[in-house]
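Please go over the structures that come below.
You will see subunit A twice below: alongside subunit B first, and alongside subunit C after that.
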Partner chain A sequence: MKIKEKIKIREIVPFLSLIAVIVFFEIVTNGTLLTLKNMKLIFNQAFVLIIGSVACSFIVAQGDVDFSMGSMVGITAVCAAWVSQVAGGLALPAAMILGAVLGIINGILFVKFKIPSFVVTLSTLMVLRGLTIFIAGGGSVSVPFSLYKYDSFPLKLILCIVVILAATFCFNYTKLGKWSKAIGSGITAAHQSGVPIGKMRLFGYGLSAAMCGLCGFFNMVRAGSAATNTGNFFETDILIALVLGGMPLSGGSTSKIRCAVIGSLTLAILINGMVCWNLNEKVQQGIKGIIFLIAVWLTFDKKNTSLIK
Partner chain B sequence: MKKEAILQVNGIYKSFGVVKALKDVSVSFLPGEIHGLIGENGSGKSTLSSIISGIYSCDQGEMILEGKVYKPTSIMDGEKHGICMIVQEMGTIGGITVAANVFAGKEELFSRLGIVNRKAMNRAAQEALDKIGASYIKAENKIDEESFENRKIVEIARAMFNDVKVLIIDETTTALSQKGRELIYQIMNRLKDENKVVIFISHDLDELTEHCNTVTVLRDGVYIKTLYGEEIQPDVMRQLMIGREVQDNYYRDDYEDYRGGEDVITMEDVCTEGGLKHVSFTLKKGEILGIGGLTDSGMHDLGRTVFGLEKCEKGSVYLSSSGEKIQSPQKAIRHKIGYVSKNRDKESILNQSNIMDNICLPSYDKIRQGIYIAPKAERNLAQQESDVLKIKMSSLKQLCGQLSGGNKQKVALAKWLGNDSDILILDCPTRGIDVGVKAAIYKLMDDYRKEGKSILMISEELPELIGMSDRILILKDGMVTKEFKRSRELTESEAIKYMI
Partner chain C sequence: MKKRIIALLTSMTLVLSTVLMGCGSQENTGGTTEQQTEETSSETAQASDKLPEKFKIGVVIWSTTDDLGGASARLLNYASDIIGCEMVYNTNISSPESQITATENLIAAGCNAIAICNYSDDILPKITSLCEENEVYFTLIWRSISDPEVKEIVEASPYYLGNTCESEEETGYMMGESFHNMGCKNIAVITMEKGDATADARDAGFDRACEEFGMNRISEVRNNTLTAEETTKAVENFLASFPEMDGIFVTGGSNTILEGVIQALALHNKTGEVKVACIDFISDLDKYIEEGAIDAISGGHFVDPLFSYMLMVNKLAGTPLSDNCEQIDLNFINLQSPEDARNYYKYCEGDSYPYNEEEIRSMVKYFNPDMTIDQLKEIAAAYSIDDVVSRHGGDSADTTNN
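Let's turn to the complex of A and B:
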């Protein structure tokens, strides 16, 4: 009985914190937060967070992390921008395919060369950022006007819903999700039950990075250009979002897509709210860090598992 | 001629939250006793021994050690009073030498001005090891180089160096091979002759019958009865533990009913890094093939190799019918082979997942429709298999980690039965499991055999091998030394000859 109650509380915390964040900023910004115009802004912020955190849920469920996401967004955005100058229609596929390839390279370094995943993705984070600066020629690459139409609210809303539904389905009702969670719960036992660990890891990193390509594309069309700093700190934002949503970073059976979505919304509102509240940007960073700590402390079951394997 | 008890335990109560682990338990431990403590999983025997050794304190009741009230505050305090415990799990400290382990916490015996005289310590440790008949363990070696078994023996040497009055051995022997067990039995007997007390916890009733002169039975945290001398018999103990009459035929009772058919799996001239040397055998349809030997004989490696978990450096494992090689667990599973590891908690069960997820894990290809895995199909499969195995659980959503050892093992078996496996590789299938579940597993194995399916059973327990197998292969130093056919005449000592 006691255990059950504890689990319930841990499941409710993310919902409560989402509501708390909304109420708090609605009050301190004198109602600016929930105006239609601002909600659209929030959605734009939340859109990439949701896509990114949902996509990396599979690899997180396996008990691994992807620190390279920020640079993945950056490099795919810059490459997509170059491509768009030649052929606008190819920008999105190019971004996603490039992402998938780079993600699979992440996976191969981890699986075949047996380098710990956080080392691999931290390294690619740095390498790809450097490469992005090189490719962008030190400045930014602009995008033809014809692509601006993709920065549309209805399109993004539909895409967002489709991604969430598809991910939820795969996560709960297909082998992809079930195997990912099994790996996070116990890798040896999963292996001995026939789960192809290596392939699942390649899939996880490939998916995460391919969807970074999608985020990169929408980042690019929204800004009208792709710059060397596009996607900076995306990976940390994703981590904060996941934790705020109650996702165990050690993976396993308690992982849920819901966590990624709720956490992304909470973080997007938090960031937007702080801007509306006219907080200094340095202070905003500090607050994000503190909230990350508190979220880990509140949502994570310290006794049974380690946060990161 | 009633002797004064060395240790008297009076009216002990202990609760963990709402669970009452011990209720008013009183036992006397007399000098010269090898006192078996038995009961099903969760009966409170480990709790009682933990209280005696000072790991837990009791809620109520008292203990009298040689006429004085004994109230240990920690396991160290217990040791100071001469009460030592050898636990089930690892009790040594990694990264340091054997000698340093023997004298951990007692370094001042060998130090002068804060500098430890390693030579003197090694010498003394070697003496301690020699004294218990384990001279083959070298005191100056790093503990990590020693096998699990040898580390247990180092623990015993450590315990024996103290002036032991009461030695508690908690289910240690199940993890040991014959050699290690013999050593423990010798030590037990020596303590008995010195009029000390040995408290011996084991699931192996034959072992208890053979070595104990007193046995106390606990059931659901309550003291049931103490048996002396001739009263100690497996049937009697079994009945007291479970509280009802148990069938006599624990193992299968047939000797002529051999149903072996065509070959299903062939292992041909296999060498592995783990120590198999030119091993060849075939497993036939409808038979139980037993694999016996000492822990480090390579028998566990053999099971892993058949399931595709270990690479063959030479030779191969293949399906006899098609010649297709088995090189990965996925391939093995596709060909309806199931494997239950010796290391239940790490390798065969996901403790953080629920029972349903555990049972269905290898069977998703069987129950999916397209890519969709219907929750209903999962529930049906899990319900069906847990009914067959009579898994004791609150619901299919219960976490496996909350189950007892026996029920976890049932889940591990349910996984493979649910996947319609035709071949089961069982590594120590009844390790650390109480008699009730043990009997159920043996019954299941026998039924499985009669259905024309095959079992490769790897076991460190000779009675189980002799009782259940159609054929037994004995492994020694990675090589097959002997094959026995099922027979009434086969004895343990006959089999041991080929193991050592």
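Let's turn to the complex of A and C:
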């Protein structure tokens, strides 16, 4: 009974935090936060974060991590920008396919060579950033103006809803999600139950990186260019969003797609709210850190400390 | 457990609120540099001393804690205190897309005009459409637009007021020429990642000098976030791998990078033997120049944003200096001796501001109806240590820059 109670509380804390953040900033910004214009802005800023963290949930649910997501976004954006200069319509598929391939390579290094996921992805973080610098050549690759139309609020909203619904369905009602959570809950038990652990890990990294391709494309059309530092610190933002949303980093059955959505929105509102409130920038960093620590403290399952496989 | 959680949440909320409120209340103290509201410091000032409305000016800048960014923010805060504006800074700009986000958030924060230190030309069409949609004026700081297609789009916007810039390529060339004059042949370069418009232009000028004077660019480190410790390691690697190295060029040294270079050379007894040239000023330059740790240095361009700021303030006050977008050219200051450095700190940055209250106010047509865009350009073009000394040499005014 007590354990159930703990889990329930842990589940509602992110909701409460999101509401608290909204109420607090709505008050201190004198109603600026919840204006329609600003809410659209927050969604625009949270869009890639939501897509990225939803995709990353399939990895985190297995108890693994992906530190290469920022570089993945960078390299897919730069390649998509080059492709867009030849054939605009191929930019998005190119970014997603390249992402999926790179993600599967991450997965192969992890599964076949038995290198821990944080080592693999930290390495690819650096390798891919180096490759991005090489591919970008002059540093920044511009995008044809015709592609700017894809930086559209309705398109992003529809896409976001579709991704969240599809991910929630997969996560809760298909083997993909159930197996992912089973691996996170206990790899030995999952293995003995016939869960194809290697394939699931390949799927997780492939999916996450393909979605990074999608994020790279939207980052590219948002900025009108892709540069060597496109996607910088994206992996950190994803991690913060997941933790703020209450996603257990140890993975397992308590992992939820809604954690990714709530966390991404909380982070985006926090960043926007602090600027709207004209808060000192040095203090902003400190506050983000404190909130992150509190979120980890409240949602982290202290009994399961084997965080990263 | 439930009680503990509730108690914890309540106490955290209280602590956080206190911290936030405390930070919020600091906004009105003036003189601080970061994302904050700069209230008018003198509540007793007469209404006629201030602009008719308290305009909010946003700045998208890489940092306000390094030497260059910090000095610029202090000067803008000082000017805003004098004429009655609010300053808001956004330094969350690690990538092109985050510069767009930073601009959006400043617009959401209610800024009437925004000065942007853009990462590259490519993001400007997006910034232009954002500012047009929200009817917010904008200017560029430390930047000019080199892409003709982008330039045409941006300059066609009624919300683009202009830019302030320095001759970056020429300064890079001048640094190369200094190495040649010092007899250097093999030079290592510490610079930014490709794509940074300023560093690329300085690089290009330096490469031109290398080609012209027959010098070799033997190695380079490219990193936008180098710390002093990382720079020291990089220089140690240069020394180990290239014993023939006789010069190090730092394209942007304001973020403790130059200190890292000086430290590494001192540790290996190479001070004076390996020549150092740098763009951007740091503190204690008089000491470093005296010790021979720095051989050529250009900088002092922290005043750059002030001129773009004046374009925006004049427009917002209903007294625009021009109906077109304008480019304001600024000179770098070259320090040749410890005396130059001491004068620089005494008159330009550190002990005082390069423009006093009266001079700041005179740049705003609302207070000075005779002010013209040509005059503002002349003020910028005249900027040098001699210029500041000639204006302020006889007094020790404005010793408030701390």
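As a convention for this text, the second predicted complex is superposed on the first by the 298 of 309 C-alpha atoms of A that agree within 3 Å, B and C clash if a C-alpha of one lies under 4 Å from a C-alpha of the other, contacts with A are read in each partner's own complex, and residues count from 1 in each chain.
Assume contacts are C-beta pairs under 8 Å (C-beta built on N, C-alpha and C of every residue); 3 or more make two chains touch, one makes a residue touch a chain.
All values derive from a computational prediction rather than experimental measurement.
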item: Partner chain(s) touched by A:174 [first = subunit B, second = subunit C, both, neither]; value: first
item: Partner chain in contact with A:194 - subunit B first, subunit C second, else both or neither; value: first
item: Subunit A residues touched - subunit C or subunit B, whichever exceeds; value: C
item: Which superposed partner A:230 touches (first subunit B, second subunit C, both, neither); value: second
item: First (subunit B), second (subunit C), both or neither touched by A:185; value: first
item: First (subunit B), second (subunit C), both or neither touched by A:252; value: first
item: Contacts on subunit A seen with subunit B and repeated with subunit C across the two complexes; value: 2
item: Parts of subunit A lying in touch with subunit B, wherever the complex brings them together; value: 2, 173-175, 178-179, 181-182, 185-186, 188-196, 252-254, 304-305
item: Interfacial residue positions of subunit C with respect to subunit A in the complex; value: 1-2, 5, 8-9, 12-13, 16-17, 19-20, 23-24, 26-27, 32, 34-37, 64-65, 86, 88-92, 94-102, 104-106, 108-110, 119-126, 147, 193-196, 200, 222, 224
item: Residues of subunit A that touch subunit C when the two form their complex; value: 2, 5-6, 9, 13, 16, 20, 24, 28, 32, 37-38, 41, 44-45, 133, 136-143, 145, 148, 151, 219, 222-233, 271-272, 274-284, 287, 290-291, 294, 298
item: Partner subunit A, residues of subunit B touching it in the complex; value: 17, 307, 309, 329-330, 332-333, 339, 341, 346-354, 357, 360-362, 364-365, 368, 371-375, 415
